[in-house]
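Chain lettering (A, B, C and D) follows the sequence in which the chains are written, and residue indices restart at 1 in each chain.
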């Protein structure tokens, strides 16, 4: 998948593309058929593999399915019809999708796609953590001038700046660690009534219905199967976690954009981007594209919350439908920005000489706070004191090390 | 173009798709070449048609162009390279894109795509205006109960309700009438310096540079060519206008969703949508999908304003890049919702008997305001007074008639 | 009114404060009483002045009214009770608010407050237009380096940069010119039934009801009186117009923030802000506070659109209630930012020497585009060409002159 | 504190009001003075109590402080000046604020105010959990019709519906449990250099500086003191958590709004709100006001994320300034909505007879899914099966019980 108007989109590859989502819906249907067989509701002859179903779905272009999705308001209805047609007059056709509702399939597929995406994001975060931890150590004593409200403030180290970036990324990583991706198996209104009806001839059909859901979730590698048709925490938490990432990368990209201005020159991207008309330019393209993602993400997160807040009865009228494309866009863009952020930190050029030159140019003023304080305390001021930041730096390095150990496991 | 996760997306067809945007960029390059020739800067041998350029671009899959767009941060750079390669060693290759900057091409292409989209939206609005004006007249005396804060209020007519929908849609139409779609021909930093340099051997190169821009805008059917690289009103006004539409349709869809509840039953969609598991259902699918668009649109509009507010120097670092995909998504979804809204109003079923039955069930309470007022004035209360709404209704019908006359021209 | 957490808030003074809104609601009630008398529905003895009502309302602290507003969901109910209590057993008490609904009073009061606010904003825009037009002329030949994506691009003039700011502000001014502030007189559900009932003993009560509304709107200086309870264009257009302003000022503030960086030093604010701990600092505080407003405004605008899109039946359940405080906050902040932007442009220090020095430091590279073009055209490159921007500058100066002429009237 | 335009605002009382924020800033200054004394940097004579400082600050109206905040861009500068003036020529005056920067004081005060607010919100959530758990048990067997996309779906129980509300509120509670409220003690640029300079005559000044920060955080009851000037996770997580709450309450309010429609009548608010003109009305005012908060909150949350993503260098230019008022508004509104939601669930009237009547009116169609499933499985359909929801209900009741046990501790 690519997007001409979102350069870099190809970095997310097939994740959460129409094709991937279709496969995820099919995986849900296949796992559910298995679940029904496993608990004894459906006969063994109803078994059908996801691979076989993908083959059947593949005979219909995804564009055709998309068009057909409108009349019922979602793509499950035409997909099930297509799959049943393909399965012909068989037990598999007869049992396919029985007991599920469209929302079960779509929401569970959203979780499958999100889980795949966040795994990739988490890997990028871990890589960045490792690179930035290394960069922190390397530049722990590299002096530069701190800038507040765009103006010179006091001396600091570049290592401390990197620690700030690192802290944001560690926070994002921590938030992703807490994400859960539950399946949803509830039937028409979250009551599992249809499944229990299917299991009606068995002992304790209600328990069997629940077990079918659990088996399905287990097969898909998702946590739980309890219905959440109009309790959208699983969706909004994905959104919030994505924003945690783009916020952290936005901060990093802003600093690179500013510090790579020609008048400042303290940082530069490994390889700058070209211009269509100015041969000399080396634009900080990765930072530009990352900042783009960071500016655009909050609105998408807000949309997910509006949808959650608009939840109504047993299926929301429109709010639910907002989530699909919004979550997909937000998550894909986060994958893209994550990959770009890894490239940015890996290739980052640090110009210690310019940092030194700028602090010198800033002159005496940047030591005015120090001098004031020394005078208050009756001490002689330090010549150029870079701060009491060891503990803060160590705290983040220690978190970084814990992530790296976790990533090694 | 279709989108599995935004059912109905196919209604927008090719509008603002990757392919359409590519064609729009090519149209800009071709028109610019013509412009340069027209004002005498480039030789006649530099002429190249958009059709020929589309053929050259067509040899490279759009996906490949999208991937190549990342390194420079926008798709113009690889596109120009592709086109020049295709043109070989020729005057056309030599003059292609000379004097332009990537942003000229992208922003002008955005305007071309937006203009096409809004023309279709405007046509849908005009159709809805005509249908709703007719419906207003038809139901001017159809009594129903007004509901405020979900509760019974006083008697009204269904015609008045329709007038409310109509007013919103007329407001949206009015806002679209005011939209302008300017080209942008400014060169690297909006100074036209490169073009003037190209025209250097002629008399008054500055004036010639401006004329080349004007000729290009004219050929593309766009207003003006003055640069607006970091003044983004043309973009935000498109966004605001789109929201004006989705707001109006959202209101309409909300009313249909509520009034088609089985307990109320005063309206229904012409053809309801089915369910994947409940054979009896006839869901108000068009209203659901329209409400979806209306809930999601404001966030996209906000993104466009954040981008405008973040404009910086002669080209914004990230804010500009947000706009492309955001505007496309917002506008396409508006086209889709507009088409669905036309279908909704055209097929709308009005159940006057249920309106009558509900007002009767509401009982005496809905006349309590009337009775209080009559007592205050010392008058005898009217039995069931439907309101003094003629003037309001006439005002909107008159606006509707003006639109219809305009649409006939 | 002040706000400890929004420094500068006092610049908006009493505009749209709780007190101002209370006065506006009272003005609506008084004008409506007059309207009823004017058309012969109420007796002359029902007349009551806004001043007298303000005195009655003033006996109850606004805080008490605010608390009492919750039980009915809006402040009109306790206000009317307070006023009637104050008026005692009189014709004025008997006729007060008769025929109106709470929403009539609140929405009309919102329009009164918005109209006052936008008048002040418009005055600030006009001042800025005048200052920036002057600055454009003054610096039409002042060379500086253009910067795109943070990097050096080509030579330009500072006058052209100012023209860009001017264009944004002219666009904002134009949008404000188009704003309308309609009253709303519709009664319980927009049918005017109650008023007609009050007029029941007269000939043609429906027409008289409409005339009462028109008289009220006229007295309040508002356009039209036709009800728009769930057609919220008047609200969203105010929001969009406010964003048009903050977008334009954000752009301006961003440029000042960047160009007043110590390493660049091309601009500085007239008087910088201090620091609580660093005596040497002169922070670009106005720009910081303006950028704040510009970043925060789009979300508030989005809220207004969500509310408009969620309109339902004859009174929205929650969406309407969102608008009051959201519009107030957005509009007050716009007044504040407008005043700050006037101060910013008026006091702006332009350092032409630093502009010259920076363009020289940028070196030869910024002329690479020029040289390439000259080579293509077979011309000798200009030494330092500042662009063919006269026409663009003239276009904006001409718009500015038209505004100034209008402001003089 | 009250807000005429946000009815119910008084429920948040003094939380996060200007006065409370002023007190919080003073608490930070006092705790910091203590911290400096505790670690031996400042002499014992520098000690000053928060109470004494509040008295000094109280001599200046908060409005005056707000006005004075503009010139430096934040309220700390005039506050420190006021306090030092009040302390006269004393050690306390000399040592006040030494080593801190404005951002330390503001951000730490934000955390103090947020912590107080979230404690109240958490108490409301716990109460709602208890009430809803009870309601779940009570109505575990109360039949009602489920509705999806506004239409009748299948039979369910009201207990299951309550469990859905409960699940959302439990999720919100869980998210609040994870919130952390860190102090921030970093000095001008987060390096603690000024403090170390103050401690310069002691052994190991860097360690002493860190200890002073820790002592301060401890005294304020906040976690950690490590600087986070441009890593805004603590702010955005507060925002996300607030949205978690309003999402959950929005869902609840939506269901009450719909189910208390007169045509449905299954629920009603304990005490409905009145109308200014219609004596018969009993509006679901609490639900309306809660829905208001839920619709408006996501935009405020988005603003906090835009600010976090726009973080720059050692102090953000505008993005930081957005957060103060935005966080305050979001958090206060959440406190208000939380209190209203407690009132709503506590007073909720459940009309089981109407639920029964509606399911009967829905008729046979709502059992169509059941019948289809029974036929597929070759079973006899159950007459009216309310679902296999025991396990789901038990899961939430068990979480609720854990919260109640925790709240009892």
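Basically, a residue touches a chain if its C-beta (ideal position, glycine included) is under 8 Å from a C-beta of that chain, and two chains touch if they have at least 3 such contacts.
Here the structure is a predicted model, which means the values were calculated and not measured.
In this assembly, the chain whose C-alpha centre lies farthest from chain C is A. The pair with more inter-chain C-beta contacts, choosing from A-C and C-D, is C-D. Averaged C-alpha coordinates put the centre of chain A at 37 Å from the centre of chain C. Note on chain placement: the centre of chain A and the centre of chain D lie 25 Å apart, centres being C-alpha means. Centroids of chain C and chain D (each the mean of its C-alpha atoms) stand 30 Å apart. Contact with two or more other chains is made by residues 73, 99, 101, 147-150, 153-154, 187-188, 194, 257-258, 275, 277-278, 283-285, 288, 291, 294-295, 299, 302-303, 306, 310, 317, 369, 372 of chain B. Listing the residues of chain C that touch chain D in their complex gives 2-11, 18, 21-22, 62-63, 65-67, 69-77, 80, 97, 99-102, 105, 187-188, 194, 253, 257, 271, 273-278, 283-285, 287-292, 294-296, 299-300, 302-303, 306-307, 310, 317-319, 321-322, 324-326, 328-329. Put simply, chain D touches chain A in their complex at residues 41, 73, 94-95, 98-99, 101, 146-150, 153-156, 160, 164, 167-168, 171, 178, 187-201, 205-207, 209-210, 226-233, 236, 240, 243-244, 246-248, 250-251, 254-255, 258, 291, 294-295, 297-299, 301-303, 305-306, 308-315, 317, 369-370, 372-374, 376-382, 385-392, 395. Touching chain D in their complex are the following residues of chain B: 147-154, 257-258, 260-264, 275, 277-285, 288, 299, 302, 306, 358, 361-362, 365-366, 368-369, 372.
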